[in-house]
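Below, subunit A partners subunit B and then partners subunit C, in two separate complexes.
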Partner chain A sequence: MKLITAIIKPFKLDDVKNALQAFGITGMTVSEASGFGRQRGHTEVYRGAEYTVDLVPKVRLEVLVDSAEAEKVIDVIVKAATTGSIGDGKVWSTPVDNVVRVRTGERGTDAI
Partner chain B sequence: MNFNSGDTAWILVASAMVLLMTPGLAFFYGGMVRGKNVLGMLAQNFVVMGIVSVLWITGVYSLAFSGTGKFIGDFHQFGLNHIWQQATGFEALTIPPLVFCAFQLMFAIITPALITGASADRLKFGAWALFTGIWLVLVYAPVAHWVFSPSGWLFQLGAEDFAGGTVVHANAGAAALALILVIGKRRGWPKERMRPHNVPFVLLGAGLLWFGWFGFNAGSALSANTLSAFAFVNTNTAAGAALLGWIVVERLRDGHATTLGAASGAVAGLVAITPACGFVSPMGAIAIGFIAGVVCCFAVGLKNKFGFDDALDVVGVHLVGGVLGALLIGFFGTKMTNGANGLFYGGGWTLMGKQAVAVGAVVAYSFIATYIIAKVLDLLIGLRVTEEQEVAGLDLSQHAETAYETASFNDGSRFSITSSGN
Partner chain C sequence: MGTRERRDRSDSYDRKLSGLFISALSESKISDKEIALAAVGGYGRGELSPGSDLDLLIVHDGSAREEQLSQFVNALLYPLWDSGIPVDHAVRTRAQTRETAADDIRVAMGILDIRTLEGNADLVSAVATDVIEDWRKNSKKNLTKLRESSLERVERSGELAFLLEPDLKEARGGLRDINALRAIAKCGEDVALDRLSSAEALLANVRDALHGVTGKGRDQLLLTEQDRVATEMNFLDADALMLEVARASRAVDYVMDLTWHRIDSKKATGLFRKSKSEVLGKGVIALNNEVTIESKPQLQNDSGLGLRSAAIAAQRGLPLSIEACLALAENFAPLPIPWPRSSREDLVTLIGAGSAMIRVFEALDQEGIIERWIPEWAHVRFLPQRNVLHRHTVDRHMLETAVRAAKLTRTVHRPDLLLVAALLHDIGKGFPDKDHSEYGEELIRPLALRMGFPESDADVLALLVKHHLLLSSVATRRDLDDPATIEYVTSLISEPQVLELLHALSIADGEATGKTAWSNWKAGLVADLVDRCIISLTGGTGIAPAEQLELTPQQLSRLDSKALTVTISARDDAYEIEILSPDQAGLLSAVAGTFSVSRLNVRSARTRTVGDAVAMNWIVTLDPNATLPSEEILTETLRKAIAGEIDLARKLEDRISNYRKAPGIPVPPPVVTATNDIATQATVLEIRMHDRPGVLFSVARAISRFGVDIRAAIVSTLGAEAFDTLYVTDFAGEALSEERAKLLANQVESYLLTQY
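Up next is the complex of A and B:
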């Protein structure tokens, strides 16, 4: 099993969510995040003084998948999240030892 | 005494409107500070409403408006004794003396409150409260007496200040400059940028100020008639013109017209028209407002050049705007509205000379007296919070409260926001 984590532009969340649902993914966790990559931050101006804001708002999306599906799911996310401009984000996967569905006690891939 | 119920009703309403300006100011300022200091700012403004309300009734009204002294009033109306008598020189008023006293109280409240913008984020709450009371007696009362009381020396000189450009704005601005020179910069300024945490609050506050300012300026006619209508229309006109002036400069200089700029411009225009609103024509008000918007937009950059940490630009907006408005009466004053003719209406330089004396006297006295008061208080009790308290924020360290669940991304903390010049 894998945990796919994606950091994406907030306005792309709906596109990514819809694409994942269309692919057959049944659950995900979404949280608001902030940070920066090569994009760095943006500039704001208050009473003529420029402020560089390093941490820009992003959405962090997490999905648990069967290892066999991981690459496909990553492709789905990347395709839906792309705008082509700087700051589109990143997607990565990490191995997961075990998963338990709390209600039923199911374990492993059954719990996904 | 012959009271006019229309005049009386209007001044009662105007008084309430002027009171609302102080909470409005608190939000105007509160939005501009970091999220960890917003309650500190609101508290500093609200406590002024408490302190001045009590002191004014107790004795400061008498010091400002009673008696025939040139420089200060007397104790004749201490504790509102003899309040059935009109203040000296106001015998022709058609409103009860107590209404005049209430109206003037609201001016005395907002004037020290204006100072809090400059000293934001670093004053001890108790020290500020003590400073307010002392400043009201030693600075506000005499300056109000000089300019507003017909027995005051600047009034008798013929200097014009319809609603307090010198008494309120130049006075508070000069005091703000003196106070921040005593207490020093916020930690991290100017390297660490301190971004406004809630610009919508700033706009809300500016809206309340603009509304209340009709009471402030049109109420200063002390009657409901054509003169108050001129003050009303001039006030609105100047605010609008200044708003435009400020955002035009921003658009041309910085690339964007900002909401903070629109709010700041409107306030700068309201400040500048305050002394002039009952002496100029509405066309003059457009000129005064536009000039104030443009000049103040540049003036807020002075602190970076000279290195004084006027946190929310009280000097750039209130001192510069107040002085500007008082001096521009020397150009735009017209008998058609009220008062004397200025340079553009054939009055020559006479009025300008008187305006300059009034501005110079008020600014110099306010600066020097405030500097001494602040210095003495700083030596006796200390005005500033400790470094630890300043980093934690005034909300927590001074009031044991926080405004928001999480203020971490709003507080302009050093890792998230850096300076990129100015």
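Up next is the complex of A and C:
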């Protein structure tokens, strides 16, 4: 099993969610995040004052999937989240030892 | 369920306990002279809800031995415990009870409702007498404790009327507050208990139904259980149920507020000092730390008195007296349509008072006065909303939004429109087949016109209400880097000033909704969107300042004569004063000061220097105790003031310092900005502040002393909110250097800060 984490632009959340649902993924965790990568924030000039937006608002999305599907799910996310401009985000996967569904106690891939 | 059932339940436990008492006596061999069984708390009042504990006090005279007593208690209580009845009991002598009650306010409050069930009634009445005597004697300490615990409960459980999932017992306005009020009454205080009986019955019934439905003793009415409780109590639906719950708890809340207020003002004035009244405005006085109406008959022919007294009360941070609210409801005189400017200003002043406004607004709403001014309000009053993001009912959410908007008034050019939009942004809610933003737009336009706003302002209000969710939804769902996103927003909101208003409204709305709806994350996205839109709309120069006065040909031709002329004409409930004068340093402060001395309150003004002459158009209102000066007298006073023959500063000192001493509410600090305007080659000073009498005089004087020339001024006051734009130049007629402009802004701002 893998945990797929994606950092994407906020406005792309709906697209990614829809694409994942169309792919058959039923559950995900979404949280508000902020940070920067190569983009390094940007400088704004507003009302004469210059200020630096060093942390860019992003959305963090997490999905648990069967290892066999991980690559395909990553593709789905990447495709849906792309705008082609800087700051589109990143997607990565991490191996997961075990998963338990709290309500039923099911374990492993059954719990996904 | 109902009061009847609670009494029956209490009676049946009485019978059960009486049987148990007799067998416990015989088992423990205690005589019924030595001991008594009493009910305390709710059970003491003879009312028992299905989930309530049986609160019992066993009083003994100390003659029985320890093991006899424990035998007695076991025999009495085991049968109850065995049948799963929750019991809360204490075994004490008279002295022990007195001691415990003195230490623990909850024990004392329970005993205030004590009732003998069985045994020696003299023991029980002795206990009751002790506790009541001590309670009265220590009423000051008890009241403090009661208030502390009540405040702590609001902190923890919030307010019943406005929460979507309230705790019927603990929340403000709930059952525990009713108990507290009863205890306060027993301290000998004046409590309007008669206003509480139906509220108490309803809240207790709902709690019983909740306990019945859940089978548990929990008092929080969750969304998931509201439907079943509503069915159980034969309400049409959960909304109808929650509406009644809100109504009941608001009544409790109101009595609570009133009671504390009366206690406080008694403390403040003392028993022997005669209370002094202070006139605060026409027909409005402060008495015993409350704002009230001077005489009832006045209400009949002064329709503006209600809003005026509300505005004054809120700005002073004082409550509006219950007598004033009752009198208003009884002798209600509708405002003329459209509302006169003064009433519109009073509304803005009321809303702009921040959290102090809520108490005044609630008092008026309790008596149904708000909906007589704003009929649309009736529909959202107590209206629950089934939405996971929201915490409050619709009406309270709008009040909370207005409170937050009041803190943002310095960020916009039209604080009045921000406040009115905040108060009414969800007015379209509660119509199932309609989108609330769109329907809100339909409702607000005629309402704004009725309030006397000009068409252009009504348009802005309609736009704000219609699009109050636009910025949040676009900022989180659309690509801010995409020019199409910015174009989309600016196509809907093409005025930078409206965008600025919409931004402030979004913040106020979001903050009032709750943390889940408005995080720093979201605030950042929205701010980014607004910045990009404003840059796109203004080309990066920022929002254009207010436009200068356009002179009429007549004015221009009269300017040539270089003589000081004053023309006064009546306009609605105000006066328009036109002044033409040769230009002179300090002219603006001299005119503003003269008006203040003549008790004319400046509502708005536009002035402009053309060549070496100045044209001024002022709109002023007359102080309630003043008479309008004639054109001749005003011209003469002005001439003297300009020539420096009158010491305006000294004349105004008293008036200004008197006003400053008045107890008030915290208001956002003044904000002064200076930017250089290319179009007019002047430095534009924008001053946003809370209005005070004489403040324009002092500001203008401070600016003149800085050694700059005021070429034009646009002054606008709506209610307590003032926004002044001054075009200043150096004596060569050029804009100031950037550093000097900044220094001027700082100086004016720090000067204004000393005034607060």
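Methods note: the second predicted complex is superposed on the first by the 109 of 112 C-alpha atoms of A that agree within 3 Å, B and C clash if a C-alpha of one lies under 4 Å from a C-alpha of the other, contacts with A are read in each partner's own complex, and residues count from 1 in each chain.
Following the convention adopted for this analysis, a residue touches a chain if its C-beta (ideal position, glycine included) is under 8 Å from a C-beta of that chain, and two chains touch if they have at least 3 such contacts.
Model, not experiment: these values are computed from the prediction.
Asks: Contact-wise, after the overlay, does A:14 reach subunit B, subunit C, both or neither (first, second, both, neither)?
Replies: Second partner only.
Asks: Between subunit B and subunit C, pick out the one touching the greater number of residues of subunit A.
Replies: Per-residue touch count on subunit A favours C.
Asks: Please indicate which partner A:83 is in contact with in the superposed arrangement: first for subunit B, second for subunit C, both, or neither.
Replies: second
Asks: Could you tell me which stretches of subunit A are touched by subunit B in one complex and by subunit C in the other?
Replies: Looking at subunit A, the two contact sets intersect at 34, 44-48, 53.
Asks: Under the stated contact criterion, what part of subunit A meets subunit C in this complex?
Replies: Against subunit C, the touching part of subunit A is residues 9-14, 32-34, 44-48, 53, 57, 83, 85, 87.
Asks: Over in the complex, which subunit C residues touch subunit A? Could you list them?
Replies: Residue list for subunit C touching subunit A: 475-482, 519, 521-522, 524-525, 528, 531, 534-535, 540, 542, 675.
Asks: Under the touch definition given earlier, write down the residues of subunit B that touch subunit A in their complex.
Replies: Touching subunit A: residues 193, 195-196, 250, 253-256, 258, 260-261, 264, 297, 300-301, 304, 313, 409, 415-422 of subunit B.
Asks: In the complex formed with subunit B, which residues of subunit A make contact?
Replies: Touch list, subunit A to subunit B: 34, 43-55.
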